[in-house]
Amino acid sequence: MNKIKCGILGATGMVGQRYVSLLENHPWFEVTYLAASPRSAGKKYVDAVNEKWQMSTPIPDSVSDLVVGDANIVESAIDKCDFVFSALELEKDLIKKLEFDYAKSDIPVVSNCSAHRWTKDVPMLLPEVNSSHLDVLSEQKKSRGFEKGFVVVKPNCSIQSYICPMFALEKAGYKIDKAIITTLQASSGAGYPGVPSLGLLDNIIPFIGGEEEKSELEPSKILGRVVGGEIVEDNSIKISAHCNRVPVVDGHTACVSLSFKEKPIMEEIIKAWTNFSSVPQELNLPSAPKKPIIYSTEQDRPQPRKDRDSEGGMAVTIGRLRECKVFDYRFVGLSHNTIRGAAGGGILNAELLKAKNYL
Amino acid sequence: MNKIKCGILGATGMVGQRYVSLLENHPWFEVTYLAASPRSAGKKYVDAVNEKWQMSTPIPDSVSDLVVGDANIVESAIDKCDFVFSALELEKDLIKKLEFDYAKSDIPVVSNCSAHRWTKDVPMLLPEVNSSHLDVLSEQKKSRGFEKGFVVVKPNCSIQSYICPMFALEKAGYKIDKAIITTLQASSGAGYPGVPSLGLLDNIIPFIGGEEEKSELEPSKILGRVVGGEIVEDNSIKISAHCNRVPVVDGHTACVSLSFKEKPIMEEIIKAWTNFSSVPQELNLPSAPKKPIIYSTEQDRPQPRKDRDSEGGMAVTIGRLRECKVFDYRFVGLSHNTIRGAAGGGILNAELLKAKNYL
Amino acid sequence: MNKIKCGILGATGMVGQRYVSLLENHPWFEVTYLAASPRSAGKKYVDAVNEKWQMSTPIPDSVSDLVVGDANIVESAIDKCDFVFSALELEKDLIKKLEFDYAKSDIPVVSNCSAHRWTKDVPMLLPEVNSSHLDVLSEQKKSRGFEKGFVVVKPNCSIQSYICPMFALEKAGYKIDKAIITTLQASSGAGYPGVPSLGLLDNIIPFIGGEEEKSELEPSKILGRVVGGEIVEDNSIKISAHCNRVPVVDGHTACVSLSFKEKPIMEEIIKAWTNFSSVPQELNLPSAPKKPIIYSTEQDRPQPRKDRDSEGGMAVTIGRLRECKVFDYRFVGLSHNTIRGAAGGGILNAELLKAKNYL
Amino acid sequence: MNKIKCGILGATGMVGQRYVSLLENHPWFEVTYLAASPRSAGKKYVDAVNEKWQMSTPIPDSVSDLVVGDANIVESAIDKCDFVFSALELEKDLIKKLEFDYAKSDIPVVSNCSAHRWTKDVPMLLPEVNSSHLDVLSEQKKSRGFEKGFVVVKPNCSIQSYICPMFALEKAGYKIDKAIITTLQASSGAGYPGVPSLGLLDNIIPFIGGEEEKSELEPSKILGRVVGGEIVEDNSIKISAHCNRVPVVDGHTACVSLSFKEKPIMEEIIKAWTNFSSVPQELNLPSAPKKPIIYSTEQDRPQPRKDRDSEGGMAVTIGRLRECKVFDYRFVGLSHNTIRGAAGGGILNAELLKAKNYL
């Protein structure tokens, strides 16, 4: 099979680097185009990314010498790739326009950015949860005059560690009405250079700009339904999120207290998690974790360094399910923020799109 | 004035070391006796503590050459000191017996240990909150046949960062009914050797044995009232605590969501905190922070490394008061776990006892 | 091909865990026996290792339920495996005896321990450097009455980052006479629990017991020659090693200043390194890195987190070759201490033994 | 006594913040002027420094509301202060010019910057070592037309941990001819934001731009003599320095191997260090450590977190003196990089200047 050619916008940033790494040897996709800021444009990728390379494997030979394009110039991408992953680091309004411009030029955009997360006809995809949201794409194309192009986005990196297990419970019939969550988020979530080392040596920072808002609001769209060509939010779960930055390289942890409409018994919850399987598993997508949710029975897990790489960084690991003294139950969730929560999640979205014949 | 002579039981452990450091040049107390395990007994303190010394200032000359006694042998302490600070690291039942044995031998015990926290006639003191609990001491002495001796304890180190600000609100008339709390606790809270470095390099550990129970239950005794020679618990606040170990040397952080009986306005809360002052301040105790609660207006504070040392490590720093999407308000609290939360808190208890003529 | 059955002595420790991880899916070897202390004996491996598991991938299913044997009882291993990897954590003299006991019972021992490193007829193998030392095994067997059994050891984990590049230079004809080395060694090198977290948070420890001696002395045996059934040391290079423990999970870094008999030009050195290839590469051993030495041209490399996993953690990465103001040249070397420097190195030794028909 | 009024140029940076902290309650100096970049100028100090504040004590009330001046405009400082501490973060050539401009305007400059370190008539002061270099100031003033102004600088922060102990040996008559040094330098040495957290989580960086050159060359000027109104370098010690950045907040560690003209015995070296005392001690300068060199006999010291604060961060702590297998002796030295190595060192220079009637 001929591989589908893909580009990466924002290829020199942290998420861009992770895309480059994860797509080495991908069975369906082949990186043929890399774009970044005008400052990087014209350089070989290896020279543009240089000391900023943060992955633990070297830059793949296949992209090392690719000459980086200017991500602001849509024309540069034409004929170079069939679709793009967007990990742009620009102002929101610029990204909004630029992603639609790529779509207009027949280049579908699988985005990691927050710019279009609240655009009504843009699905915020989490394939295990809401693959049905792809239904809005026909409306998106029609109303915006896109022919082959379109835009899909993915949610914020802080979300997967709690929204996947919460959705699994809802799907199994255990309706949640309230969640109070505290996240302990990894340094890589802030990109590079991101948080200064003096901020995370012998320290934690109990604030991440804009993160609590995203963590609280995005679930309502993710869990929504497509009605009349638009995604209608589901606001039935009230969420409070406290977001902290901690001295961890990769892996966001969430401490979650849940209140249910009707309190299930503990065994039902564990069963709902361990049995959870969804569209990516049915379609056998290359990046889909065999088990999207892993329940760990050890008393002190999940831990970032030990659990983030489960199933290639695509599984969410849950542990410490126990009674909550105020709500019904509480647990700890963990997911890899730059794999499941960013580039890996984006690739899974693209795989879903391919399997559903959108690419 | 002649200084009061004090001993330290468990003098070689982390909390014991902190006592030794903080008591250097104390205006009222003088360290004249150090005791530890039989393994250390008979050695000079400097040799017994050796590589385990974790403070950032050297061992004070005044105690460096003191010959360490065996903490299990009460007689060794007699005539060597007027009272003892207990930071014993033994089995709970042994500590329980031993602390009462010291009391029986006319040596008052100001304890940092959890052993007697739930003994009905032993006050769990937090001087800004419940100095009135000293009233049970007369009953304790009488019923147990102590003449000059007695035992007081202090609460767990995880508590001060949220119980002080919660009490300040209750005292100001804003009744709290529920609190969901996530703590990010420093390595020093586990003592030495404590948590292995592999557990806290590029990692956090979402579990601390017994800590959630203490964090949830102790407030009910702290906030209780003395009735008929006993402390009667106040269970009006339901508390859920998620406790995590994070790569920080000193300073426990708490992310707190609060539900009130009646929701106050934000300004009232901040005013209640910044105006908060209590018995230690009125008595002008040497270790009492001038402001027991400091409210920081910066958006990313409190942070352990920057705020733990406020007022010599005895103040609690609060920040990020904001609306909670599920409860009423949320905030971040921080206190120094081995100063305010352990040795410094113990010293403040002793100062209160002295000011109230118990010592 | 039927796989060779191997056992792991000390299977619950850090190095033992690494063996277990690396041997999952090994093309030649299959783990059929795990042994540890009497405390662990009789338990399933998963229960024995429990919270101590430090790898970032889960315990392989194939060994998870193996019942752990008592490593002190040689008989337990008989018929269970064809040879053993030894990562025993016992007193030196006990290990010495025990490893020979296994050999006497026809079970070859591929050891990671230091016990037999200075036994004259036991080769201290680094396959790229001294595979010829296997020649002493015939004498070892004869003089000690072993039939099928024997003992080989590997050098200390601190050594590979500088001895491989130094040997490559010697082999290319550039004779070194002096080396002053400072190592920055990872926490995992101390095993588990190893260094307390308070020792490595906002801190480094400029001392590792016994490490400087090993780092200075072992090269003389490694670089020696087999003469008359014994390994005769080569003391022609004087080495001074300063060993430090730093807050890094895996990966030992070495800062090296070299003095040559005759100073080569810089290009010759780089060429000697990049062209270096040896017996494991010729034999195409499964764990052999294609390039045993990788020279990085970036100005700030090698770095532990970014370079330790090169070639599956089996390559040594070198960088920053530059003139030394006192000696001739200096450079920075890095190797993965629990892969190349421990379990991976042991497996490479076993592969060499198999390829040379000793197993 | 009326305090001398001083200004701080570059007051919002890491070193500037340290000056502000250390000068709170200084017995001789009073901060009356703060200057920084045009971006900060016109703001209150508290607002200009804001989240960048990295000290563990709060901004002193006495300077919190000072309106920050533009450091580029010399006139702003006139009448506001009697001299300035310079911690400017600008291009070298700009600093060079600016510092001389302040001097020309009768404002002496006590600089922390590297710009004038190699200007022949500018002393690079380390008061324990070369207070006699002040003699060039008369020539500096005359030849450059300064009336009351002048410029003195201090050496790089990496130097104090080895140059003080080396000088103490030379002064005691033990002539050194070669030194190979590896430094493990703290994050704060790179300023703020400085090194990204991803660079120092589970990692070290074996490269600091320009640092090895400074570490190797500056000692020759520091140890030089004043001849004919110029400082003539002493190049008799050859130094090689490997500089690494490690995950430590404050405190630079140096691993040092020394070769002597004639090898002293170990006791002589320790005696030379413990007896070392110099001009700042004789003059009883307020910031002078009572013991400029502390020799620690514990086998695993000095350590950054435990020893950097010795004598208020102004002492150098030495440990692990032992034979070197290649040179004569080796040891580990440690000093606080932003106190002794920067702001504290600058203040000591100013105190020396005051005591010698230059201020």
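Think of it as A, B, C and D in the order they're written, each chain with its own count starting at 1.
Convention: a contact is a pair of C-beta atoms (placed from the backbone, for glycine too) under 8 Å apart; a residue touches a chain by one contact, two chains touch by 3 or more.
What you see is a predicted model; the values in this text were computed from it and never measured.
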item: Where chain C and chain D overlap in contact partners, by chain label; value: A, B
item: Inter-centroid spacing, chain D versus chain B (mean Cα positions, whole Å); value: 39
item: Chain centre separation in whole Å, for chain C relative to chain B (CA means); value: 47
item: Distance between chain centroids, defined by C-alpha means - chain A, chain B (Å); value: 43
item: Residues of chain C touching at least two other chains; value: 54, 199, 201-202, 247-249, 299-300, 305-306
item: Touch-based graph of the chains, sorted into line, ring, star, complete or other; value: complete
item: In the complex, chain B residues that touch chain C; value: 54, 187-188, 192-202, 247-249
item: Complex contacts: residues of chain D adjacent to chain B; value: 50-51, 53-58, 201-202, 249, 298-300, 305-306, 308-310
item: Contacting residues of chain A [partner chain B, same complex]; value: 178-180, 182, 184, 199, 201-207, 216, 238-242, 244, 246-249, 253, 255, 257, 299-306, 319-320, 324-327, 330, 332
